[in-house]
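For reference, the structures are reproduced in the following blocks.
In what follows, chain A forms one complex with chain B and a second complex with chain C.
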Partner chain A sequence: MNSIILLSLLTVINLFAGFSKNKNLSFILSFIGIAASAILLGILWNGNDVTNILAPNFINHMLSFDNTTIVFGVLLCVNASLIVLLLHSHEEPMDIPAAEFLTLVLTMLVGALCMVSYTNLTMLFLGLEILSISAYILAGAKKRDYRSNEAALKYYLMGAFTTGVFLFGVALIYGATGSFDVTEIAKYAALPNPQSIYYVGIILLMIAFAFKIAAAPFHFWTPDVYTGAPTLVTALMSTLIKTAAIVAFYRLFNTCFAGATNWSMILMIMAAITMFIGNVTAIVQTNVKRMLAYSSIAHSGYLLFALFALGNNSGASLLVYMAGYTFASILAFAGIIVVQHNMHSNDLNAFNGLGKRNPILAVCITIAMLSLAGIPPLAGFFGKFYIFTNALKADYVAISLWAVLMSCVGVYYYLRIVINMFFKSAEPDAKEFILPASYQIVMGICLCLVVLLGVAPGILSGLI
Partner chain B sequence: MNNLIVLIPLLPLLGFIINGIGNKKLSNGVISTIASGAIFGSFVISVVLFFTLRHSFEQAPIVVHLFNWIDFGNFHVPMAFQLDALSSLMLLIITGVGFLIHIFSTGYMSHETDFARYFAYLNLFCFSMLMLVLANNFLVMFIGWEGVGLCSYLLIGFWFTNKEYTAAARKAFVMNRIGDLAFIGALFMMYQNFGSLEYEQVFKVARTFSVDSHTMTIITVLLFIGATGKSAQIPLYTWLPDAMAGPTPVSALIHAATMVTAGIFMIVRSHVLFNLAPWTMDLIAVVGVLTAIVAAAIAITQNDIKKVLAYSTVSQLGFMFLALGLGAYSAAMFHVMTHAFFKALLFLGSGSVIHACSGNQDIRTMGGLKKHMPITHATFLVGCLAIAGIPFFSGFFSKDEILAFAFDQQPILWIVAAITAGLTAFYMFRLYFLTFRGTFRGTHEQEYHLHESPVSMTVPLIILAILASLAGFLGLPHVMGHNILEHFLSVNGNVLNLSSGAEVALMVVSVSIATIGIFIAYYLYVKRSMVPEADATPKAMTYRWSQNKFYVDELYDYLILKPIHFISKIMYSGIELLGIDALVNGSGNMVTGTGNTIKYLQYGKTSYYLFAMIIFIVVILFSLFI
Partner chain C sequence: MFLLTLILVPLVAGVLLSLLGNDKLPSQRIALIVSIAVFIASLGLLGNFGLDQSTTLNWIPALNIHFSLAADGLSKLMIVLTTLLVPFIIATGNSQNKNNHVLYGLILMMQTGLLGVFTASDGFLFYVFWELALIPIYFIAAFWSKDQNRINITLKFFIYTIFGSLFMLVAIIYLGLKGDSFSIEAIYATGKALPAATQSWVFWCLFIAFAIKMPIFPFHTWQPNTYVASSTQGTMLLSGIMLKMGIYGCMRWLLPVVPLGVKEWQTLVIVLCVIGIVYTSLIAMVQTDIKRMTAYSSIAHVGLIAAGIFAQTPEGMMGASLQMLAHGINVVALFYIVALIARRTGTRTMADLGGIAQQAPKFATLFMVVMLGTIALPLTNGFVGEFLLLSAVFSFSGVAMAFAGLTIIFGAIYMINAYRAVMYGELNPISSKFTDLTTAELMVLAPLATLVIVLGVYPSPVIHLVEPALKGLLGV
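For the complex of A and B:
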């Protein structure tokens, strides 16, 4: 709770910091604020809230900070701080001042923290909207760019539509159960013969979440928005928003709807379609950003495994998966930003000969791609391994086979960029790109984490 | 204090990373300081830990748990290190000898352009080897096991522009892989039967199995096959002589002192399992003694200075396996230690000779090097005396302990081993006399270049010579005093039941055999100044067989490679081209085609997207109520 309060205050202060002559002030404030909120989350571990003046269940039990929340909360903070670091070097110029951008990132983080800690559907709705509205604005952060504007508008229109769906679902569930509180809803769910409007409510919530994590057939916004938005924002959307949404999704279904079984079939079909559309369409893309957008859709398909094959290990496998995916994605997007800045293009051909020119950058991107493809011993492999093993234990054999098959398809497009980097030669006058210090730091951290989590996934999976 | 163990493998790893990344940017001085400093740091820590902790080894091994490496379902493998008598002995050998060889390399490789790559690999090798011995479960050991194999491959093929060398590297790698496959099989069997891969748990459960049970025999045989790959025993020994393609210090470190003893270390480590499988033990003893005599018989006719030493290594490793097979674990480890000293010494000495002769390795064109290279000559002689088993040099004690065990349990094994010892003395002194005595047989230009090696090369030689002379006193036979090493290791194996008289008699016999071998070599190559004839001259059949290594390579070629090539040709033209290629390309085209079609779903119009979403919502809700 303290971390949410701190970050909310900081968003206001940060806007004023934008007036300061010191350009770094808002960066320092945001960075320290995010670090402090991560620490404030960390000290709640195992309910040891010695410094917290407020009880862990605050505002009438609307938020709760259990260990699962804390781990994911810290992951979100790390995720946001890496993005803040990347913003600092102005490798990708935005049309809005840095202080505003940072404020919006902090707001997103507040929303995301609400989404991973809610115990009441109103709180979930608040978090979701705080997160989404900031994201709509950020997607249009290059306001003189036609594509960025298009992305923001599309995202907003479709997001608003989904909000309607979400609220309608909440209303129906309230109608059936008489409460917004998840524990009350869970009690109702345990009763025999629930009303059918309750099921319709669940399905509508599910659809709203599917939209947020970009699962098919509600993924249509993703390729257009991911491609049009500034790349840094795309990185934010495909990591931070996805983590917050999937964890909220998981919390809801794990606590309330675990008893209802007929939705798991729908989720499974959704996962199958998502993996198919994501992977197969990614193959024919020549724009790397768009390719990663489809890859992000494909990953949502794998994430859905943790929901329909719900079990004791689902939380842990989700954590390993999301951590690996987050760091590999940031690594990949950082690489793309550097290439885009120097080559003014996101085309696959812009990566030609990068292995010769910038071997370290090329190796970083390669590691990111291999991790996303799920090659051992990188983090992405263990994420997939845990998720598929869980599904197999719960006897979801056919869908697991399908997922492995789709992963094979995925390897093709991830390796395509590697092939372009190492086996195709660049134009003769191409120069070596200079990596700004903050990029070196972020990419170094991500690289280490991707390798470390691949070598020792036990350090994360043992936490929850 | 105990956590210092972590630094032992970590320092060489850091050295590898720094030298690997700073490849082109660092100067030779910096590179060699980092590499040697890293291994020296490990050595110092090993020594400190050894002296502070050696008394606590008797109660329980010291385990340092780093993190849970694999933690899923019932399968738990920690990343943990274990320090006990056995691993601390190996640590001292690896870091001590390794450090000397690093120093030697700074001189030997000084003309090399790829200096950093060489030292990076050397450090990586030390890291892997240290992981192998420090592991506290079989899977971490396997990391090291694979790591040393990889480094061996990289270093044999260090001069990768030479096709022959890369072929040798490939051969070593493939031979090792065959052994590794068996090792992996053993790991699977262990996990299935013992439910764990941690030493303590494996051994605890294994003790509940009956002696000579099928499970135990299969596991131990698989482990032994793994060991034959890494430690160059019949039938997988042929890679080691070819591995001499690498730089000579590498041959000293990897292919004499450390990596090739990994198999012996592994068997001693899992001796609890082997004690329960007497059948496997007999197999090990027979394979060991056969390898020893076959390799010795090949060594007597070789003319390449490093080839002689390579076959001698195979032969000595055979001795160690003989000891293992007889249950004389501490004798095997004793021989591992003394062999590490004198064989590293001999290899480095040969390196010094090769360095002086500008790369020439043929002993027929050497001779009379004694007056040009006094230090190399003296130290090399010490090495020869040690390996030949002349009293009070280290090899004498370690080899005699093995011979005594053989005599005690199976006199036939003893006879073969004693003959091998005689052959060893002969070929080593043949090498010594041809290289250092007589007159120089090379060209004048070569003679002009002859010089003693620089200090960085001679100092390691001197230190190793001292160790090779004195290390034997750690394992005195019972007649002479207390066997410190056996007491320290305290591995639960067979005990020697020989009377003092018999022990003394055996010593006398083996010393006389060695002396006869040396005398014959002296008579042939000094008295009669014989020089082996050129390859083309016709020779007796037995000589030809020995010189051509009993045609084992050709036999493998004929029996294994030819059929495999034949089958693979059929597979390629029949199944690969017609079946798999068509299938793979077809499915690839199908997927791309599908992708090209469904990408048009992404129409670009928001109204269309919203419409599609509503349709899908309706479909899903409808499906709920069907």
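For the complex of A and C:
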């Protein structure tokens, strides 16, 4: 709770810090604030005492900070701080000042923390809205850019519509159960014959979440928004928002609806379609940002595995997957920003000959791509491994084989970037790319984490 | 820890070489020294020096995954084959290439992957090493090749292999979960206890990975193009060592794991192997490019090895082990010969060549020895293995053996034909560019040719080495 309060205060202070002559002030404030909130989360570790309502982890039937929440909360903080670092030496022109950008990132983090810790659907709704509204604004951060405007408007319209669907679902569930509290809803779900509006409510919630994590058939906004938004915001959307949404989704189904299993079939079909559409459409993309948008859709499909094959280890597998995905994605997007800055293009051909111009950058992007493709021994592989392990434990053989087939398709398009970097030659006047200091730091951290989590995934999966 | 050190030394050396090296460094020489040291150390496994034969470390306790390595007779044979061939493969390269430090670094890294595959005694670890070997070879084959279509060809190879191995991953996870442990003993026990229907699909998930790697007809379509398009060293690694991963995988991770599944599909697999043998031998006969011919002949040889394994007799397993060693040595020597011809004359088309024997007597002699080994003449290393393999196939079915035996006849036809076309006849202007072997080249080819004869005359040390291990695998 303290971390949420701290971050909320910081958003206001940060706006005033924007008036200061010292450009670095708001960066330093944000960075320290995020680090402090991660520490505040960390000290709650193992302090979960559900029986004692006055315990610091359990706030007014609204939020609860159990170990799963804390781990994901810290992951979100690390995620946000990496983005803040990237923004520090960001060269892509943005039409909003850094302080405002940072404030919005902090607001998103507040929303995300609410979403991973809620025990009441109203809190979930608040978190979702705090997160989304900041994201709508950030998507339009380049306000003189046509594409960025398009992205913001599309995202906003579709998002607002989904919010309606979500609220409708919550209302129906309230109608059936008489409560917003997840434990009360869980009690109702365990009863023999629930009312039909309860099921409709679940389906509407599922649709809303499918929209947020960009799962098919509610993914149509993703490619345009991801491509149009500034690349740094795209990185934020495909990591932070996705983590928050999938964890909220998982909490909802793990606590409220764990008893009812009839929704697992729907989720399974959704996962199958999502993996297919994401992977197959990504093949034909020539814009790297757009390709990663489809890849992000495909990853949502794998994430859904944790939901329909719910088990004791679903949380752990989600954590390993999301950590691997987050760090590899940030690594990839950081690389894309550098290439975009130097080549003024996101086209696949802009990566030609990168292996000669800046071998280090090319190796970083290669590692990111191989991790996203799930090649061992990198973090992305272990994410997939845990996900498949859980599915096979619950005897979901057919969908696992389908997922395997789809990740094979994935290898193709991830490798295309690698091929362009190493096997195609650049234009003759190519100059060397220069990596700003903060990019070097972020990429170094991500690279180490991707390799480390690949070699020793036990350090994460053992936590929860 | 000896085994662990042996496996990790090439990786560490490879990573350091590729990250810290530059074009001024004598990378080839460094890699050669490292690989020779590893070879000498690996010989220590053969004798009884009190070196440990297995290592087990905790890796992911939650899933009962261990970093465990073990070397029985079969593994030792494969280790020595790998450590023996890698120095030769390194020595065949050009010492002046650009980015040489990366190339030789990658070769060393790949060696770790290969050694790991041959020693892993944990299903999960086996998979990780299996893929670890793939990444370096992809770059070796693609980056240092001069072929125009290299990008598409190597991409096809990469996707094809990943496709197979992902299915293997599903099977390994399934087996590991059922038995609550990924150790090889647990996987054997779990696999055997599965009902026949389950064993059947587990069989296919595992088999498809191995069949693509070897490759067995009809999963072979990536192979000829990849072998031809790759750099010489890439081709040698692929054909000399990497395809043995598939054969070894069948022997250790398929036959003992799902016996009922193997029994159910045995006939189909042997029929596929035999079709592959005849089909690829016929294709090899009409090739004009000597490298492509060698690539097809490799599929035929591997088909026979696979057929012998799936006959599930002690002779078959023994023949396969001997033939893996023989094929590794022969095919590396053959591809080196092809590379020498191409380097000196600028062509690989047999019709353009002729009369080289007059120009280069040393080369002609050594080529002759290697060629005889390839067509399995008695007293060469190819003979014992092929003989045992054929007798194994015979014990399964006489008809299958009759067709599989064609590989020897066809092999003799196309190999002798190729030898005649290249080495004898009129000396034409292209061939007259051919000069005899330099000392460095002789240092590579002569030991390989010697091995062809030594192992043909005296194969019994190899037989003694692998016999107990094979008995264990067959459950005799």
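One rule holds for everything that comes next: the second predicted complex is superposed on the first by the 453 of 464 C-alpha atoms of A that agree within 3 Å, B and C clash if a C-alpha of one lies under 4 Å from a C-alpha of the other, contacts with A are read in each partner's own complex, and residues count from 1 in each chain.
Just so it is clear, contacts are C-beta pairs under 8 Å (C-beta built on N, C-alpha and C of every residue); 3 or more make two chains touch, one makes a residue touch a chain.
Keep in mind that this is a model prediction, so the values were computed, not measured.
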| item | value |
| --- | --- |
| Superposed partners chain B and chain C on chain A - clash or fit | clash |
| Touched partner set for A:Pro223, first chain B, second chain C, both or neither | first |
| A:Gly127 touches, of chain B and chain C: first, second, both or neither? | neither |
| Which superposed partner A:Val165 touches (first chain B, second chain C, both, neither) | first |
| Of chain C and chain B, partner touching more chain A residues | B |
| Chain B versus chain C as contact partner of A:Gly301, first or second or both or neither | neither |
| Touched partner set for A:Ser461, first chain B, second chain C, both or neither | both |
| Which of chain B and chain C A:Val284 touches, first, second, both or neither | first |
| Which of chain B and chain C A:Leu401 touches, first, second, both or neither | second |
| Chain B versus chain C as contact partner of A:Thr389, first or second or both or neither | both |
| Listed stretches 291-299, 561-569 or 615-623 of chain B, narrowed to the one that overlaps chain C | 561-569 |
| Doubly contacted residues of chain A, that is, touched by chain B and again by chain C | 385, 389, 412, 456-458, 461-462 |
| Touching residues on chain A, where the partner in the complex is chain B | 153-154, 157-158, 161, 165, 196, 199-200, 203-204, 207, 211, 217-218, 220-221, 223-224, 262, 266, 277, 280-285, 385-386, 389, 409, 412, 455-459, 461-462 |
| Partner chain C, residues of chain A touching it in the complex | 313, 316, 370, 375-377, 381, 385, 388-389, 392-393, 397, 400-401, 404-405, 407-408, 411-412, 415, 419, 422-423, 456-458, 461-462 |
| Chain B to chain A touching residues, read off their complex | 67-73, 79, 588, 591-592, 594-596, 598-599, 601-602, 604, 606, 609-610, 612-613, 616-617, 620-621, 623-625 |
| Interfacial residue positions of chain C with respect to chain A in the complex | 59-63, 127-128, 131-132, 135, 139, 142-143, 150-151, 155, 158-159, 162-163, 166-167, 169-170, 173-174, 177, 201, 205 |
